[in-house]
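Each of the next two complexes has subunit A plus one other chain: subunit B in the first, subunit C in the second.
After this line comes the complex of A and B, so read on.
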């Protein structure tokens, strides 16, 4: 079943550019970018249980740093994306240091405040970010080849998405993943087991920010423009919604949530007011009847049907 | 900047800060009330505030109802919608999963629904102005200038705050609300109907938001996005420690005054970011907020 699903996903990913038009490819790029963004949120909230609400800020740092490194300094894209990811991770570590002093609601609110402050910075640091006018991003390039269209960028976006999914699985199965889950379940117990709780939390924040930074870099591959309006709390909430609706704490949930919910919100874009109502109702109904997320819900129903 | 101007600015900043701060304080109260009893930061607070303002606008301007009828109707509607949301939705969410994240996401869902509904009506598409119930002639306090409307806002807000404190401190309902906040199980054993208390808290919180909306609406342009004011209220609640009612009020005034002083002394562009810097500073140096209690380490 699982292998069949993966095979199907692989076929869709490979076949997509041969059979579809520009818009679908653009959509695929956006969904894959959101997948990576959600994986970052999955690490900090799903695995480590630390409530961080500044994800859009790290995403923004990734976009601006990658975009500026490519546009202003003309660096090739793997380098620019690495710089973007590392820059976001560095800021993530700093936030992590602050976060060590807080928990629960205070942590959520401090990171929320940080996110809002960063959006303000994006909007007002005209010299670097272009301020409210936004920033033009030159096409990414490598060995003289330029990535101009969505189709050009698509293979690279897919590659990065797969890399980051692999990295998440690796982290989850490694000692670090177990340490993070232990911290999520009980800090006191984790400490008693000899897990360096502080270091685990710092790593969770840093890694989560790194993922968001890479997602930002992926965005610059197929997008030529960024406006700070789209880097606020609503983006953080969109990612959080995807992770929770998919199923908090599971990698499949984060990936599936990003794709399913990303599609829903894209399809509803035609009618903004309906979009908001439908979006809100979906959230409410999910939380009421499928609190463990879409995939756990389906598995539950499916399993029950099979057993009789 | 010479000294005389600085003193003038200081007075104006303080006075205007107290006025806008009183509205933030009301909103912060409505957030903290809910958080204290159910540990849920209500992300729909801003949209409840916005929807209440539109409800009043609809009744007064488009249905031409008299003020004495429109205002109670608005407050009653807010109470009902919020109490029903608590009863119909959040109870089920809490039953389905114990995680507070799910409750938070459900309130987020409500905020989208309310915003979408206001947009559907078509009134939210263009900015509208709300009729002022009190004249906007200006009055001087010291060297600071204020409108009569501002003074009415401040006085009304303070009266509402006093009523809330009286309710929490001296009435049986208030006592049961506090009891549910401290220990729901023990409260149930003492015969408190927890579900009813939650509904009451949500309803009251919505009424307070609605009052804040009615007070501030004549001063600002109404749009479907006006709920974003709530970020200031969250800031106020955080500064105050998030679980303390007096803290929320003090936080509201602090945020209001800081916002105005920053606007006058530094730059109007910095107004938006100032509260967030205040939050971060407060939380870094005093992670439990100014009025929050000490952290208790949860048992294993």
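After this line comes the complex of A and C, so read on.
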């Protein structure tokens, strides 16, 4: 079943540019970018159990740093993306240091405040971010080739999305992943087992921010404009909703949540008269009937059907 | 044998010629009987009041043109998308309209910050974008060949004209000025400073978030400046909070509110605590007459006939409804002038030549080789919570784009 699903996904990803319009490719690019954003949130919340509400800020750092590195300094895109990811990770580590002293609602509030402060910075640091006028980003380039259209960017966006999914699986299966989950279940027990809890938390925040920074870099591959309005709390909430709807604590849930919920959001845009009600209803239904997430729900149903 | 070889050579030459000659494909969105226009506006969410009925007004104007025979025998087909006043959704809507629906031109945008996000794409695709009612100055300056806007008014003109009005008509020497801390706020402040300098007026500026929930701090700072008038250039929510706070704190100097804060005047009067808060209150307006007044009654009548169910509801037509007419008129005029063999290039050339009075707005629609902002004129109305009285005169800003 899993192999069939992966095969189907691979066929869809490869065939998409040959049979669809640029609009569909734009949607695919956005959904894959949000997939990486959600994977970052999955690491810090799903794996390590640390409540972070600053994800849009790290995403914004990724966009601005990648965009500026390409536009002002003319660096090619893999380098700009790496710089964007590392810059976001560095800030993530700083937040991680603060997170060592807090937990639960206090940590959520502190990261929320950081997110709001960063949006204020994006909005008011005119000389660097363009302030409220937004920032125009030059098209990404590599070996003289410019990524101008959505179709140009698509193979690279897919490649980065797959790389980041692979990296998440590696982290999850490695000692680090087990350490993060142990911290999530009980910090005291984890410490008793010899897990360096503080280092694990710091790594979770840094890695999560790195993923968000890379997602920001992916955004600059197919978008040439960023406005700070897009980097507020609503973006963090959107990513959080995607992760929760997909299934908190599961990689498949984060990926599936980003794609399914992103598609629902876009489809509801075509039905403006009742989209708010539909959006709310879908969320309530998910929370009532699939509290462990869409994919856990489906696995449960299919599992039962298969075993009679 | 020789003949068949010659024929083959001729056929080959013809094929080569057909491959090399610049055979123009049919323009996207144009058929013998129709012109497809891609419209986008906020049709849902918090900013619904800024675009829903504006889009309806543009649609009803196109319907009227279709009933009158269309444009060179072609009927206008509108494909409408919701942009939620959000940059990402707006870009998605624009890409769908251009690449999936294959429209001839784009007609949309009611929120400035969001519509600017589509600029690069539209210019790259060489698709005409005629804004609905967004100022969209960020996409108009520097001018491009493809984007036309500010049919309601340029934000530069709003800020400057409000300072001009406060100084000239109300005798203000010092003005307390509240704007948004976003792009739209930055544009109107730039021109306000320019006019204030020309008029030798001092500005005390407070920039607030459009989603602010407590205005006590910025208001106290402005009150401490001891200004002669309070100019508010914000959306309805910050405006209502500021006016209410001014009344609570006994501020009795004139208050002037920009058109962006007047989406629902009756609601505003309620939100500020009643008419007492509006004793010395003016609103900036861009229509040629009071809403429903004789000059623009035809727009309201047309709306009633086109949307009987909507107009039966108290909240419709929304305040900004008539703003949809001038942009729709401009499209129709440019399409007519471009002739039956219309192309995007011909349409854009005709747009650049437009200079006409829509009869709906306070000023004419004027474009040129270097000008992409349609309207720069505004009027002021005294409002006491119930009655509206037009103040004589048309105002504008001294600010000019210098490139």
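In the analysis below, the second predicted complex is superposed on the first by the 304 of 308 C-alpha atoms of A that agree within 3 Å, B and C clash if a C-alpha of one lies under 4 Å from a C-alpha of the other, contacts with A are read in each partner's own complex, and residues count from 1 in each chain.
Simple rule for what comes next: a residue touches a chain if its C-beta (ideal position, glycine included) is under 8 Å from a C-beta of that chain, and two chains touch if they have at least 3 such contacts.
The shown structure was predicted, so the numbers you read here are calculated from the model rather than taken from an experiment.
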Superposed partners subunit B and subunit C on subunit A - clash or fit: clash
Which superposed partner A:28 touches (first subunit B, second subunit C, both, neither): neither
First (subunit B), second (subunit C), both or neither touched by A:75: neither
Subunit B versus subunit C as contact partner of A:258, first or second or both or neither: neither
Partner chain in contact with A:183 - subunit B first, subunit C second, else both or neither: neither
First (subunit B), second (subunit C), both or neither touched by A:124: both
First, second, both or neither for A:105, with subunit B first and subunit C second: first
Which of subunit B and subunit C A:225 touches, first, second, both or neither: second
Which of subunit B and subunit C A:36 touches, first, second, both or neither: neither
Dominant contact partner of subunit A by residue count, subunit C or subunit B: B
Contacts of A:277 with subunit B and subunit C, given as first, second, both or neither: first
Location of subunit C clashes with subunit B - one stretch out of 113-121, 239-247, 293-301 or 383-391: 239-247
Touching both subunit C and subunit B, counted on subunit A across the two superposed complexes: 124, 272-273, 275-276
Residue ranges of subunit A in contact with subunit C within the complex: 21-24, 26-27, 30, 123-124, 131-134, 136, 148, 150, 223-225, 227, 229-230, 266, 269-270, 272-273, 275-276
Of subunit A, residues touching subunit B in the complex: 45, 51, 98, 101-103, 105-106, 108-110, 112-114, 116-117, 120-121, 124, 186, 188-189, 233, 237, 240-241, 244, 248, 272-284, 286-292
For the subunit B and subunit A complex, residues of the former touching the latter: 35, 39, 41, 89, 92-93, 96-97, 99, 101-103, 105-106, 108-117, 119-120, 231, 234-235, 238, 242, 269, 272-273, 275-277, 279-280, 283-284, 287-289, 292, 295, 297-300
Residue numbers on subunit C that touch subunit A, as the complex places them: 43-45, 81-82, 84, 86-89, 91-93, 95-96, 98-100, 113-114, 116-117, 119-121, 124, 138, 180-186
